[in-house]
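Since the structure comes first, as structure tokens, the remarks are kept for the end.
Chain nomenclature is as follows: A, B, C and D, assigned in order of appearance, with residue numbering initiated at 1 for each chain independently.
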Amino acid sequence: MTEYTLKELMTLMAAREIRDGDIVFCGTGISMVAAMAAKYINAPNSIIFFETGAIDSKLEEIPMAVADPRVMFGAASNSGLLDAFATMQNRITGDHVIGILGAAQVDKYGNLNSTCIGDYSKPKTRFSGSGGACDVASFVPRCLIFMQHEKRKFPIKIDYLTSPGYLDGPGARERAGLMSGGPTAVITNLGVMYFDSETKEMYLAYYYPGVTPQKILDNMEFSVDISRAAEAAPPSEQELQILRERVDPYKLIL
Amino acid sequence: MTEYTLKELMTLMAAREIRDGDIVFCGTGISMVAAMAAKYINAPNSIIFFETGAIDSKLEEIPMAVADPRVMFGAASNSGLLDAFATMQNRITGDHVIGILGAAQVDKYGNLNSTCIGDYSKPKTRFSGSGGACDVASFVPRCLIFMQHEKRKFPIKIDYLTSPGYLDGPGARERAGLMSGGPTAVITNLGVMYFDSETKEMYLAYYYPGVTPQKILDNMEFSVDISRAAEAAPPSEQELQILRERVDPYKLIL
Amino acid sequence: MNLNQEKVMTLDKAIGMYVTDGCHISIGGFTVSRNPMAAVFEIMRQKKKNLHCYAHSNGTGVDELIGGGCLSKLEIAYGGNGKAAPTCIRFKSAIQRGDLLFEDYSNYQMSLRFHAGAMGIPFMATRSGLGTDIVNKWGFSKEMRGKDPKLPDKKIEIIDNPFPNWGNASRVVLVPAINPDVTIIHVQKADKYGTCRIEGLTFADADQVKASKHVIITCEEIVETDTLREKPEYNQIPFIHVSAVVHVPYGAYPSACYNYYDYDPQMLSHVSKFAKDDDLYQKYLEKFVYGVKDHQELLKLMGKDQLAKISADRRTGYATGLDRR
Amino acid sequence: MNLNQEKVMTLDKAIGMYVTDGCHISIGGFTVSRNPMAAVFEIMRQKKKNLHCYAHSNGTGVDELIGGGCLSKLEIAYGGNGKAAPTCIRFKSAIQRGDLLFEDYSNYQMSLRFHAGAMGIPFMATRSGLGTDIVNKWGFSKEMRGKDPKLPDKKIEIIDNPFPNWGNASRVVLVPAINPDVTIIHVQKADKYGTCRIEGLTFADADQVKASKHVIITCEEIVETDTLREKPEYNQIPFIHVSAVVHVPYGAYPSACYNYYDYDPQMLSHVSKFAKDDDLYQKYLEKFVYGVKDHQELLKLMGKDQLAKISADRRTGYATGLDRR
């Protein structure tokens, strides 16, 4: 079996969540690689679109930002932010969108912090802030979240709630006035977590080959159910080949 | 002195109200001819724009509708209704706009009816309805109103208030939440009425050569102050020439 | 929307599939330009009934739908059509007879309602209409609205500005979103997936499309996807919003299609003249609408000379010097 | 806006005239694309102070304005800049030190705020942010807002949907309009009156311009008015909104300008490296910003070879195969 990196497996775990016909809201970095990989592997009719207004771009090279001129080439249309977010906020197209997000912290309900650690007005560490993440998390029915599996990134309580997951549990999105939906999976360098359909709490669905469920628990502040966990299938030869030769040949991201 | 028609004089009376640098919101028919004439005569730097989204069109031929392809040619930009009305609703550009409207009825406060005569839901006579007239009348600081001078068109009470003038008098626009401003002049086939700055009531400013103030009063249901009225200057040779040779050579409107 | 199925189809199939009796519909264009007339005539031929129509100023098309007896409810800003019909004639008579339930808005309000629908929010705010009968007089009663889940609770709502010291506005008018079951627009160029390039003014077409559950595009030309994608910034509608694409040259006739053909002043006057009398209008329908199999047959009936007269000049995009008296 | 005066002027004159100490400003572009960098550097050279800046994701430009000490207040959705700076570095340190008053929004909320400003309404509604700290945590206190007429009453307002049975929404977030004193954008083509044609994505540039009292356009090319008017539908900004037009080739450098040049990955990395240390950043400023008279001198300093590397490929609009590691 071919060697692979955990980053490659992470990317593929995300790609496998994308269904044919999905409209994929894409950020930068690994999320863009995952969306591009899905188009080549399992979801040829999925469509990648960017909050900047480009839809179904011809991605000959990996864009390094959602405003990279590479997203403007060969698109079905180039508009702006207002149109892009409307596509997610309206239910006609929005219900077909899957978002891919990253964050500095995630809690057990999939709420994300990408704003700061410490006090909001004078934080210990400041991050970029929401960008479109809060919007995507507010609007779309399915979301994938990329995380590095470290204790401080899976805290009991996040320092700032930038992007809504299930807020404080079942029914909370609806009570707040958000559209239903919410995060689908948290994909890390160790495994994949889903959310229980009843409790809306994160549980372990997959651990990667060579990783134990216990190791995953050791890298989180809160505990998750591991009773439903199974070992993830390693990357196939074909998946790796596509990833390495077609998606990111210059190793810009992976 | 050259002969002229009352329609020609009406057109010129309106053109004379347009100032250099005005952005002129233009409808069809005589209002378009007036706006075009002003550009040639007294307001070369005025800009004609249409609710359909065309701005500063190159009007080689008279458009017969605001969506006529003739307004799309040589414009600074072709957008849509949303942009056009925003240009009037926002105060940065909106305060420079002068609107030109027509109607089936006008009352002494310059409120317009272009919707119906009789009961709204089953009217005796139905007209086209607001179109953009209500929007323009709501947003812009100055408005010219073209009318035929007939008793039934100047009633005590209009059957339906389509486009706001001064509503029921001083301060009423502000109380309703409208932007200040309101109609500037009512231009008819007999004369020109302005609005008193205190009472907001219509008064006679000009009567055309050969028309008496009394004749004007005879053609209105309500009475207006005629004490400030003066005879209008007839069209000059140059004005008529521009109107006939450059603006409407095929007599499509005049 | 429709991502995966084959989208190119015949007009009769597209209308048959997406325009169902009683559905809520909007059409593109404005007065004499880019009304999807081929589609309108096909709706009339298929005798669709009880449609609920949303219009800003879609003169030519809406008046024919009324004349054909297809509409039972209408929300509209402007029923006029340029010189040929300062007030649309079948619209006027239907309302005066009480044959149509209708409600009046302004053009901006209707545009905002489509914009809200496209954005997926329940309403948009404006300062247009305060103090007018557009706000005060409703065409659909509160009771009727309560019973019909496809009608908003209210025609319009006025609220105090929630930011009292901001925007120099004491109060605003809120107009409810529109999300039609189907929107039909006619464009110059589309690809087989439904990506559209509109030339000239776009009116409110893009928002109407994005607000709509189903979308039929009729077009002058179906062009290669790669061609449209050389300049993605000039494509106002990406394919994800579109359900069906139909190739119909002269599909806006007798309204204009910028860069392709002008409106036909003779035909518009002819229709207006006939529309003023019920019997004459029936004769017009029998000959020009029901009497032809499809739009191609109507064009044949009009004749090549007539079409040549309105052919657009390359420089101006319209028929320069066309006799429009 | 400015209808009549001469609009073409030098950059130092335009910045001197329209960017005044303490004014409220927004700039165009998004992260690595079409930031009006020549104008940003000129603002820094002119040592403008206490600016209040509105940004969605204007990475490159906003971070330099912060680094140059020009900003005292910032309303922002995203302070990141692609690979070179996942979090903008001077932004990060200014906030961590408490050197900057700031307030967070989402990208859509900021876009809607510009849209509201352009439309002349006090607010826009969205369903984004309900239940989050973006709604709950304010950067500017109620007291501060009460004292400053240039700040809206509230950061955000949540209201129950006034159309309870419409739009499937129980409540909505209202975000207040933005009307900057001045907006600066960089575009590919403009005419001398300020009509603009943007190629590629427009981001929120058009709304930022239309919401603004004064507008400075910097452009790669000043083209003939007649040329732009051959295709008016491709001009996103008509001249009536524009105060000043400045011809600045490479005016977005080191960010990208689609169809003209790519972003400069080396320069962006270089800036990021230097930005991490206060002394190094001062050295960077002395050399590349204060040490040059104008943007042309900066370009000379960068050298022809460096500019050639990022020159856009005709087919793709970016520098195909550019080394971006």
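Heads up, the rule we're going with is that a residue touches a chain if its C-beta (ideal position, glycine included) is under 8 Å from a C-beta of that chain, and two chains touch if they have at least 3 such contacts.
Note that the coordinates shown come from a computational prediction; the quantities given were computed from them, not determined experimentally.
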Ask   = Can you give the whole-Å distance between the Cα centres of subunit B and subunit D?
value = 40
Ask   = When the centre of a chain is set as the mean of its C-alpha atoms, what distance in Å lies between subunit B and subunit C?
value = 27
Centre distance in Å when subunit A and subunit B are each reduced to the mean of their C-alpha atoms = 57
Inquiry  = Which positions in subunit C are in touch with at least two other chains?
reply    = 120-121, 126-127, 168-169, 172, 200-202, 233
Ask   = Could you say which residues in subunit B touch two or more other chains, in rising order?
value = 54, 72, 78-79, 89, 91, 139
Request  = Using the contact definition from the top, classify how the chains connect: line, ring, star, complete or other.
outcome  = other
Ask   = Mind giving me all the chain pairs that touch?
value = A-C, A-D, B-C, B-D, C-D
Inquiry  = Residue numbers of subunit D touching subunit A in their complex, please.
reply    = 29-34, 56-57, 59, 76-83, 86-88, 91-92, 95-96, 98, 104-109, 111-112, 115, 126-134, 136-137, 139, 158, 168-172, 200-207, 256, 258, 262-263, 265, 312, 316-318, 320-321, 324-325
Message = Give the list of subunit A residues in touch with subunit D in this complex.
response = 28-29, 51-54, 60-61, 64-73, 78-82, 85, 89, 91, 115-116, 120-135, 138-139, 160-164, 167, 172-174, 176-179, 250-252
Query = Which part of subunit D faces subunit C closely enough to touch in the complex?
reply = 116, 120-127, 149, 152-154, 157, 159, 161-169, 172, 174, 176-177, 198-202, 233-234
Message = Using the touch definition from the top, list the residues of subunit B that touch subunit D in their complex.
response = 20-21, 23, 45, 47, 54-56, 58, 72, 74-79, 86-87, 89-94, 96, 139
Ask   = Inside the complex, what are the residues of subunit C that reach subunit A?
value = 1, 3-4, 117-121, 179, 193, 195, 210-213, 226, 228-229, 232-233, 235-241
